[in-house]
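Below, each structure is written out as structure tokens.
Each of the two complexes below includes chain A, the first together with chain B, the second together with chain C.
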Partner chain A sequence: MARVDLDQISFSVGATKILQDVSLNVTNGEFLALLGPSGCGKTTTLRCIAGFVTPTSGNVRINGESVVNLRPNRRNVGLVFQDYALFPHMTVRQNIAYGLERRNISKADIDKRANEMVSIVRMEGYEKRRPNELSGGQRQRVALARALVIKPDVLLLDEPLGALDRLLREQMQIELKRIHRELEITTIIVTHDQEEALSLADRIAVMFDGRIVEIGSPSILYEQPENRDVMSFLGTSNIYAGSVIAAGKGEITVECDGFSVQARTTQVSSVGNRTYIGIRPEHIRISITPINDEPNVVHGWVETTVYKGTHLEIYVRTSADVGFLARASDASLTEAGKAAVGDPVYMTFDSNHVLVFEGEA
Partner chain B sequence: MAGAATEATMPGSAGVPDLHGPAPKRQRYSGNRLLMILCLLLPLLGFMAVFYAAPFIYLTQESFRSWEGEDVAQVEPTLDYYIKTFTSSRTSRAFVRTFRISLISTIIALIICYPVALLLIRAGPKVRAGMLLVIFISLASSLIVRNYGWLVVLADQGPVNQLLVALGITKRGLRMVYSEGATIVALIHYIMPFVILPIYGSLLRIPDSYGEASVSLGAGPWMTLRKIIFPLSMPGVFGGTILSFAICMSAFVTPLMLGSPATAMMSQVAAEQLLVQQNFPKGSAIVVILTVSTFLVVVAYGVIVRRVMKVDV
Partner chain C sequence: MSEDRLFRYFITWLGWAAMLFLVFPVVLTVVVSFSGSQFIEFPPKSLSVDWYTNIAKINKIGEATLLSLLIAALTGLLTVAMAIPAALALARYDFPCKGAISAFLLSPVAVPMIAIGIAILQFFIWTGLPFNWLTLLVGHMVLVSAYPVRTLIASLTLSNPSLEEAAASLGASRWTVFRTVTLSQLTPGLISGFLFAFLISFDNYPISIFLVRSGLTTMPIEVFNYISQQLDPTPAAFSTIYIIIVSAIIIFAERRFGVISLSVKG
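Let's look at the complex of A and B:
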């Protein structure tokens, strides 16, 4: 258990900058996700903490002490690889005991701790199996046990669920949460799967092009992202460019292509500013009868509808050829379900749900 | 229908998830597959039958026959020549010598070649290409030429002796050629590519993450090599050493050029019986003994590696 601090880490290979001024503070017992598209530097960041990559500049501290000059085997870090990296010539038990045997621990203690860990990951009865005799989920458990048994200061997970199928992935997410809760260990997970990050982490750090662009709790990042790229990366969204045509106290009106939108914002804005606005599909209500008494109404025609089981996706196109995606999941909105392709519809949304990204246009 | 529905919804919502899905099973070959494998092996099997099995069967038959002077007496099969091979001090010592030379050459070659293979893995692409080129060049050059090279290098007035004298290690040049030692040196040189390449191949197949996992669990580089990398490279070590051992066991030209009649290996003794003495049954018996004993060593080695190292080879 420990806190982990990255102070302005940069890393480059030749002229290619892989990490640029990455700073991160992970508190004791926190579960943090590094989320981003592949090649954004999230794995490199993880490897900086593990010690396999030495940053070109900046500092890595575990519990306040700099570890940049410490070799990976001297850092007390638990690492779970995407391919699990279980030693194929060793049994489950030998794999788990490997890290303990590298330390000055008595045989009895090794036995005790290894057994304890086997039961934490619920692999009793499988101790004598070899990795190739295990299913993907079981291998994942063993890899986790092997990393956790050494009581690391921090647990690092590199796309640990990437190789599992969807159902197993969801089960392992629950397991990971349970184990994290039981052991209260500082955990950093690298993932490109936003759903995984949203459901596992206390906080998410979103990375693009070697930088952390935004850090926050899953709900803040999803509902009120400050960065337009973060909004479009997390979930689906409608994002439009426009310019401010009226700016009042805490409220602005943005003129987009063929429609205007009222939005609440804390940012100070003046008329004429270029800006982007974003609306989540689930915040758009669809009506087949005209609405006049609401500030944000956009008229369009249903282009196509997609039934997704838990909700209905409605693609709407306006007369200015702007596409909207709306999502209707509420039973009361079956009205949206009545809309056939080609029907005129009216889309409304609350000005609280319109996000404004200024200064990026 | 109802069953399918509950199955689809249950595991996801489970506080008690199904942790242990089915473990992968070992694949069994079906009849059709077996036939296909047989077809693919047919050219090789045909070639081996004509050029290896048939002559060997012929030699084996020959080895049980009796031979007196010019005439081959048509008598009952006899084990005489097998007994003679082991009782005659010349052949029995050659037999032991052949094993000794092969074993020493293989062990030393392994000690030299394993670090080379590790270096190949760690090296950058340019260094790696250069090293592989050197290895292949040494494979491509004629064995005779290389042995002459060693004759020159190890000669009484050769560069090695000049160096030894210059360093004051000896007063006069040492007699190094025409000895068991010279044979071993040349054999090691000959078998090095056969040891390096299989080890390099099996090291290539070990994912970097294995080594990194070991290091992250607190093992130093040496411990990682000993506990993870070396055991996992055993298929290559096994392949390389078995190949070079077999090559050494059947060595003929190298001991002929760099050794002396007093350091003759089994192939030389067999050739002498077959080509000079024209004692075909005796020569055949020696060949059969050499072949069978080499084969037994290979099998025993394989079994030991499987049992002790617990690695599939």
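Let's look at the complex of A and C:
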């Protein structure tokens, strides 16, 4: 258990800047997700902590002490690879004991700790099998056990669930949470899957182009992101460019292409400012009868509906050819379910739910 | 018939023809070895196993085979040992002149054996070293060194580098990583590299002929001498035994370590 600090680390290969001033403070026992599209530098950041990449500048500290000059085998870091990287020529048991055998630990203690870890990841009875005799989920558990058994200061997970199918992935997410809770180990997970980040992490750091653009709890990042790219990366969203046509106390009116919306904002804004607004699909209500008594109403026609089981997605297009995506979670009961393709509909949403990204236009 | 199918027909037949071309001499040798005739004839008119008992009549065949085995085994072991660091460097690291060094290490394959033989002969004459089994060994090592380098690079390219990183992050030093993880990943390359080196050395004639002196002699030289003086199928009998043993070794190595697929992919 430990805290991990990255102090403005940068990493370049030739003229290509892979990481730019990445700073991150992960506290004791925290579960942090590094989230971003492929190529954003999240894996490189993880490899800086593990010791496989030496930053061009900046410092990596574990428990306050700089580790940049330590080789990977001196860092006491547990690493789980996307492809698991289990040793194919060793049994499950030998894989798990590998890290213990590299330390000054008595045979009896190795046995005890390896057995304990086998039961934590629920792999009893598989000790003598080889990795190629295991399913994807089982390999994942062994990889996790192998990384955890050495009692690392920090557990690093590199897209650990990427190779699993959906159902297994969800099971493993629950497992990961359970193990994290039981062992209270500082954990950093790298993922491009926003759902995975949202469901696993205490905090998420979103990375684009080698920079961390926003850090926050899953709910803050999802509900009140400060960055437009973060909003569009985390879940689905409707984002439009517009300009401020009225600015009042904590509230502004933004004119977009063919419609205008009222939004609450804490930012000081003045008329004429260019801005972006964002609305989550689940905050848009669909009505088939005209609505006049609400501030935010946008008229359009149903373009497509997509039934998703738990919810219904309705794609609406306005007369100014602007597309909206709305999501009705109980399709059979709401009016949205009655809307057929081509029907005129009225979309309403609270000004509280309109996010404003000013100064980015 | 579509053009595509015609093409596939053509390729299939070409493949079979090539196989036949490769296998025919082997089949011919085996069949001729059981011939009852004094001369090499195909197909044989009568059958006998007399030529197998005649193998001992090849001049110095026991002594020569033993030396060939010794030289081949040492050539295999030493070149493989030398190829490991070379392959690791070429497959895992970047350094100046990497392309040139790689081409240089693999070049003996591209140079005619006779040329290598003459070059090595002149080199040893120039150094003034006595010609003995050591000079023979060095000559063979030069000849075959490219093969283990190649099979080991193939092994390394196919192995997963994150295995080594996993071992390092679990606390293994570089040497321990090599010993416990890399080496086992290299096994197919080591085995096939050794086999290539061993087999090429074992039946090499053009290099050996330049380097044998003063009573030293190898199996291929003696077999060739016999053929140039006698036309009976005794060498065919000897070759048949040789083919059976080598086939058995290769089949075992392929089953156990998958070495053929490795040398093809590499």
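Please note the rule applied: the second predicted complex is superposed on the first by the 357 of 361 C-alpha atoms of A that agree within 3 Å, B and C clash if a C-alpha of one lies under 4 Å from a C-alpha of the other, contacts with A are read in each partner's own complex, and residues count from 1 in each chain.
Keep this in mind: a residue touches a chain if its C-beta (ideal position, glycine included) is under 8 Å from a C-beta of that chain, and two chains touch if they have at least 3 such contacts.
Keep in mind it's a predicted model, so treat the numbers as computed, not measured.
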Task: Superposition on chain A - do chain B and chain C clash or fit - done: clash
- [ ] Could you say whether A:G137 touches chain B, chain C, both of them, or neither, answering first, second, both or neither?
- [x] first
Open item on the list: After the superposition on A, what does A:R146 contact: first (chain B), second (chain C), both or neither?
Closed with: both
TODO: Could you say whether A:Q171 touches chain B, chain C, both of them, or neither, answering first, second, both or neither?
DONE: first
Task: Partner chain(s) touched by A:G309 [first = chain B, second = chain C, both, neither] - done: neither
Open item on the list: With both complexes superposed on chain A, which partner does A:R122 reach: first (chain B), second (chain C), both or neither?
Closed with: first
TODO: With the two complexes superposed on chain A, say which partner A:F81 touches: chain B (first), chain C (second), both, or neither.
DONE: both
Task: Chain touching more of chain A, residue-wise (chain B, chain C) - done: B
Open item on the list: Output check: A:F52 vs chain B and chain C. Expected answer is one of first, second, both, neither. What do you get?
Closed with: both
Task: Those residues of chain A which chain B touches in one complex and chain C touches in the other - done: 50-52, 71-73, 75-79, 81, 83, 85-89, 98-99, 102-103, 146-147, 150
Task: Complex interface listing, chain A residues touching chain B - done: 50-52, 71-73, 75-79, 81-83, 85-89, 98-99, 102-103, 122, 126, 129, 132-138, 141, 146-147, 150, 167-168, 170-171, 174-175
- [ ] Write out the stretch or stretches of chain A touching chain C in their complex.
- [x] 50-52, 71-73, 75-79, 81, 83, 85-89, 98-99, 102-103, 146-147, 150
TODO: Write out the stretch or stretches of chain C touching chain A in their complex.
DONE: 160, 162-163, 165-173, 176, 180-181, 184
Task: chain B - residues contacting chain A, complex - done: 11-12, 14-15, 17-24, 207, 209-210, 212-220, 223, 227-228, 231-232, 309-311
